[in-house]
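Shared between the two complexes below is chain A, which pairs with chain B and chain C, respectively.
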Partner chain A sequence: MIYLDNSATTYPKPESVREMLRIAPIIYGANPGRGGYSMSNSTALEIYKVRSKIAEMFSAQSEENVVFTINCTHALNLAIKGLAKKGGHAVTSCLEHNSVMRPLKKLQESGDFSFDVANVFSDDDKTVQSFERKIKSNTDFIVCTYASNVFGDILPIEKIGKLAKKHNIPLIVDAAQAAGVLDIDVKRDNISCLCMPGHKGLYGPVGTGVLVLSEECMPDTIIEGGTGSESKNLLQPSFLPDRFESGTQNALGIIALGKGIDFVRREKINYIREHENELIYYLFNYLLKSDSFILYNGFDSRKYVPILSFNTSGLTGEETASYLAQNGIAVRGGYHCNIFAHDYYRTSSVGTARVSVSAFNRKKDIDYLINSLNKIAKLKKV
Partner chain B sequence: MGKGYYIKVNSVTHAIKAKDVLNANGFKAQVVRKSKQGRSESCGYSVVIDGDITRAEAILRNYHVRTSGYGEIRDKL
Partner chain C sequence: MIYLDNSATTYPKPESVREMLRIAPIIYGANPGRGGYSMSNSTALEIYKVRSKIAEMFSAQSEENVVFTINCTHALNLAIKGLAKKGGHAVTSCLEHNSVMRPLKKLQESGDFSFDVANVFSDDDKTVQSFERKIKSNTDFIVCTYASNVFGDILPIEKIGKLAKKHNIPLIVDAAQAAGVLDIDVKRDNISCLCMPGHKGLYGPVGTGVLVLSEECMPDTIIEGGTGSESKNLLQPSFLPDRFESGTQNALGIIALGKGIDFVRREKINYIREHENELIYYLFNYLLKSDSFILYNGFDSRKYVPILSFNTSGLTGEETASYLAQNGIAVRGGYHCNIFAHDYYRTSSVGTARVSVSAFNRKKDIDYLINSLNKIAKLKKV
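Right after this comes the complex of A and B.
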């Protein structure tokens, strides 16, 4: 199989991650933070090391500001629902995934919360102005993606962060397609809640996610329970990370995620992104020259993460993806859990086929894809 | 060798951070779990050190490590 669906989850994982997943249940099989015996202690220590790596990578204030979740959606729910107030309001973008839109819609359905949608433009200042126009006196937070999971558009997060700071509003960022691909700095960008998966650009296993909180931001809890701390207190701990880590954590996944982060740091984010951009640019040029395919964006590595959505003339995105699957190629077709972005790009009737690469893809993978796309183009012309 | 102390912390994360910070500042610190916990006490983890507890507390404050008091090591752990 030629795997080109890395925006869904990266595959394969680095050898070090796979090896840790094999041995972790043997050497780190105890519950961290719950016992004084050596395996519980060593498991807790390994998890702490991963917190440290994440804190360093994203410039978090400290290790405690790194909260482990089960995925990016979980982190977004903690942030969005934890910061929403009765009678409150949020500003979001026109490119949001359902992981942002569904929590917002759920809050809206309660009848006591509203949100407005800011448009995204190729001119960053215009985008920021669009966000600013939507801010109201009761706006609780801004929530937006760092980069679109469908078309790859990078939002001007640093500028939106400055806007949020100017209005004293927390900024929640969905970094599902950006973490491990772009240089993210929660301090520089004034990000209050950085939400990300562990299993995409950080090359960890599925079942891992992260919420990085700024020091000033303390959302309410939406999940309470055992944390291994303050057991005699029936109230949820007020301190991080325990406040948001109720129940047994995915210790084995988190420890393996640490190996994924080591891999990204070793390979270097800039080089990974450059490598992925080269592959996407190669494919982009092929699609551009053919009249059988429809593209929706130009190619500008400063404006887009290495994701390419396209269509075959006369076919839906799902049909193209299905044909490619029959030829042993994995791409994602359809709506990518993001009808909002498809509406904005006017692709909601057909969806798109999306190609997303990782550090492990090579030019030969794209050549194989191009060869299959040539066959589709020929079939369409017959 | 100075007096021994246990520093109370809220969670295992804080315990490990306290241990790392103290070790980086010349202490020999280790994380232990207390067998006796008072009602006001927290996760059961403490950080044990030998030496100047006032200096240790100041260092932890400086690094924003949350603690919830300390006791002398002669108290039964």
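Right after this comes the complex of A and C.
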């Protein structure tokens, strides 16, 4: 199988991640922070080291500001629901995934909360102006993606962060497609809640997500329970990370995620992105030259993460993906849990086929894909 | 290390579980239900098989009624918050873990929700009567543990289920210490929401929890996001299990959990429990004969799951656990995230040391523990 669905989850995982998944159940098999014996302590220590790596990578204030979740969606829900107030309001963008839209819609449906949608333009300043126009006196937060999961558009997060700071509003960022791909700095970018998956660009296993909270930001909780701390207190502890980590955490996944982060740091984010961009550019040029395929945006590595959505003329995205699947190629077709982006790019009737690469893809993978696309193009002409 | 902290998480995991953790990232490494290609489909199929095993084990109506979460606490939060109504009320027991108490307390603090605490007696009918007396016209649900995580007390769930049915109130059960240990049947016991960890008595990896919902029970959601289904719908899908499974699930953990369930089914729940009871009974008799140790309940395998909380005379639970840790024995000391149970047993000033065994413990483990306890007893006498 030629795997080109890395935006859904990266595959394969680095050897070191898989090796840790093999040995962690043996050497770090205890419940961390819930016992005073050696394996419980060593498991807790390993988790702390992963917090430390993440804090360093994203410039978090401290290890405690790094909260683990099951996935990016849960991190987004903790941030969105935790910052939403009764009678409140949020500003979001026109490119959001259902992981942002559905929690917002749910708040709206519950009554007493509203949100407005800012437009995204190729001119970053116009984008920021659109965000600013949507801010109201009761705006609780801005929430938006760092990079679109469908078309790869990068939002001007640093500028949106400045805007948020100017208005003293927290900024929640969905970094599902950006973490491990773009250089993210929560301090520089004024990000209050950085939400990301562990299993995409950070090359950890599924079952891991991360919420990095800024110093000032303390959302309310939506999940409470045992934390191994303050057992006698019936109220959820107020301190981080316990406040947001109830019940037994996915120690196994978190410790393996640490190896994924080591991999990204060793390979260096910029090199990985450059490599991925080369592959996407190679594919882009092929698609551009053929009249059998439809592209929706240009190629500009400053404006897009290495994700390419396209269609075969006369076919839906799902049909193209299905044909490629028959040829042993894994790409994703359809709507990618994001109708907003399809509305924006006017692809809501057909969806798209999406190609997304990782550090492990090679030019021969794209050659194999192109070979199959050639066959589709020929079939279409018959 | 002699591991006797299986109530926190079972250790070791069966060989088959560890083997699956090694191979699943290679053969089931795709995001299930989000692509039409072979590895995505085979990953989804494996998850479905685990749903099927769980549905069969607990007599759930169908595979769809089995929802996966990161842990038991999240399952409890989905059930409790999802069934709580404005101006509503809940009935719980005096033995609850913080995974139940903190969500209830949070609802109470938010205003417009209250709860009452029923007493637990050695006479089951008196316990049920206490629950019944707490039911009010606005009671939204009953929530209680199947078995205490501190002293092992089994609650009369079948009778509480009948009570719930009689009053037409959903029953939420925390089966953290019961799943894989006691015979649980959601139909027979009238359980609306069965919440359990995958990593304790079901021998799966950490990072897995399960919520089994009855046919009639449809809690509101507290987490929404992409489900790979109904992408165009900004509202969370209403059908199971998607309604409660947002974002990328822990496919790796879930598939390995399937092997844990196979292990339990192969060994047979009753045999595992009998084996564990023998070990606990052996320890119980030793502790009973020594005047250096304090026991808090009798030994009756019909009334307690194989968990034993005790203290060394003159020491806190934590001190005993700490001494044992120095001797290479893992037991848990302190309050075990449950001050309610300690209040009930009048151990809130000292906590307890808790011994909990699994199918993998042997008599020699208890002999080793007894040997260390003898040393503590001698030290105390000096």
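Everything that follows uses one rule, which is that the second predicted complex is superposed on the first by the 382 of 382 C-alpha atoms of A that agree within 3 Å, B and C clash if a C-alpha of one lies under 4 Å from a C-alpha of the other, contacts with A are read in each partner's own complex, and residues count from 1 in each chain.
Throughout what follows, a residue touches a chain if its C-beta (ideal position, glycine included) is under 8 Å from a C-beta of that chain, and two chains touch if they have at least 3 such contacts.
Note that this is a predicted model, so its numbers are computed, not measured.
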### Query
Counting only touches as set out at the top, which of chain B and chain C does A:90 meet: first, second, both, neither?
neither
### Message
In the overlaid three-chain picture, which partner chain does A:51 touch, first (chain B) or second (chain C), both, or neither?
### Response
first
### Message
So in the superposed three-chain picture, is A:322 touching just chain B, just chain C, both, or none of them (first/second/both/neither)?
### Response
second
### Message
Between chain B and chain C, whom does A:103 touch in the aligned arrangement: first, second, both, or neither?
### Response
second
### Message
I'd like to know which partner A:64 touches here: chain B for first, chain C for second, both or neither.
### Response
first
### Query
Once the shared chain is lined up, is A:21 touching chain B (first), chain C (second), both, or neither of them?
second
#### Entry: Winner by number of chain A residues touched, once chain B and chain C are compared
C
### Query
So, A:163: does it touch chain B (first), chain C (second), both, or neither?
neither
### Query
In the superposed arrangement, which partner chain does A:241 touch: chain B (first), chain C (second), both, or neither?
first
### Message
Just checking: does A:179 make contact with chain B only, chain C only, both, or neither of them? Give me first, second, both or neither.
### Response
neither
### Doubly contacted chain A residues - partners chain C and chain B
35-36, 227-228, 231-232
### Summary
chain C residues touching chain A in their complex are 1, 3, 5, 8-9, 11-13, 17-18, 21-22, 25-26, 29-31, 34-40, 69-74, 76-77, 81, 97-99, 101-103, 105-106, 109, 197, 199, 205-207, 209, 221-228, 231-232, 234-236, 246-253, 318, 321-322, 324-325, 328-339, 348
#### Entry: In the complex, chain A residues that touch chain B
32-33, 35-36, 41, 44-45, 48, 51, 61-64, 227-232, 237, 239, 241-242
### Message
Which stretch or stretches of chain B touch chain A in the complex?
### Response
10-14, 16-17, 31-33, 37, 39, 41-45, 64, 66
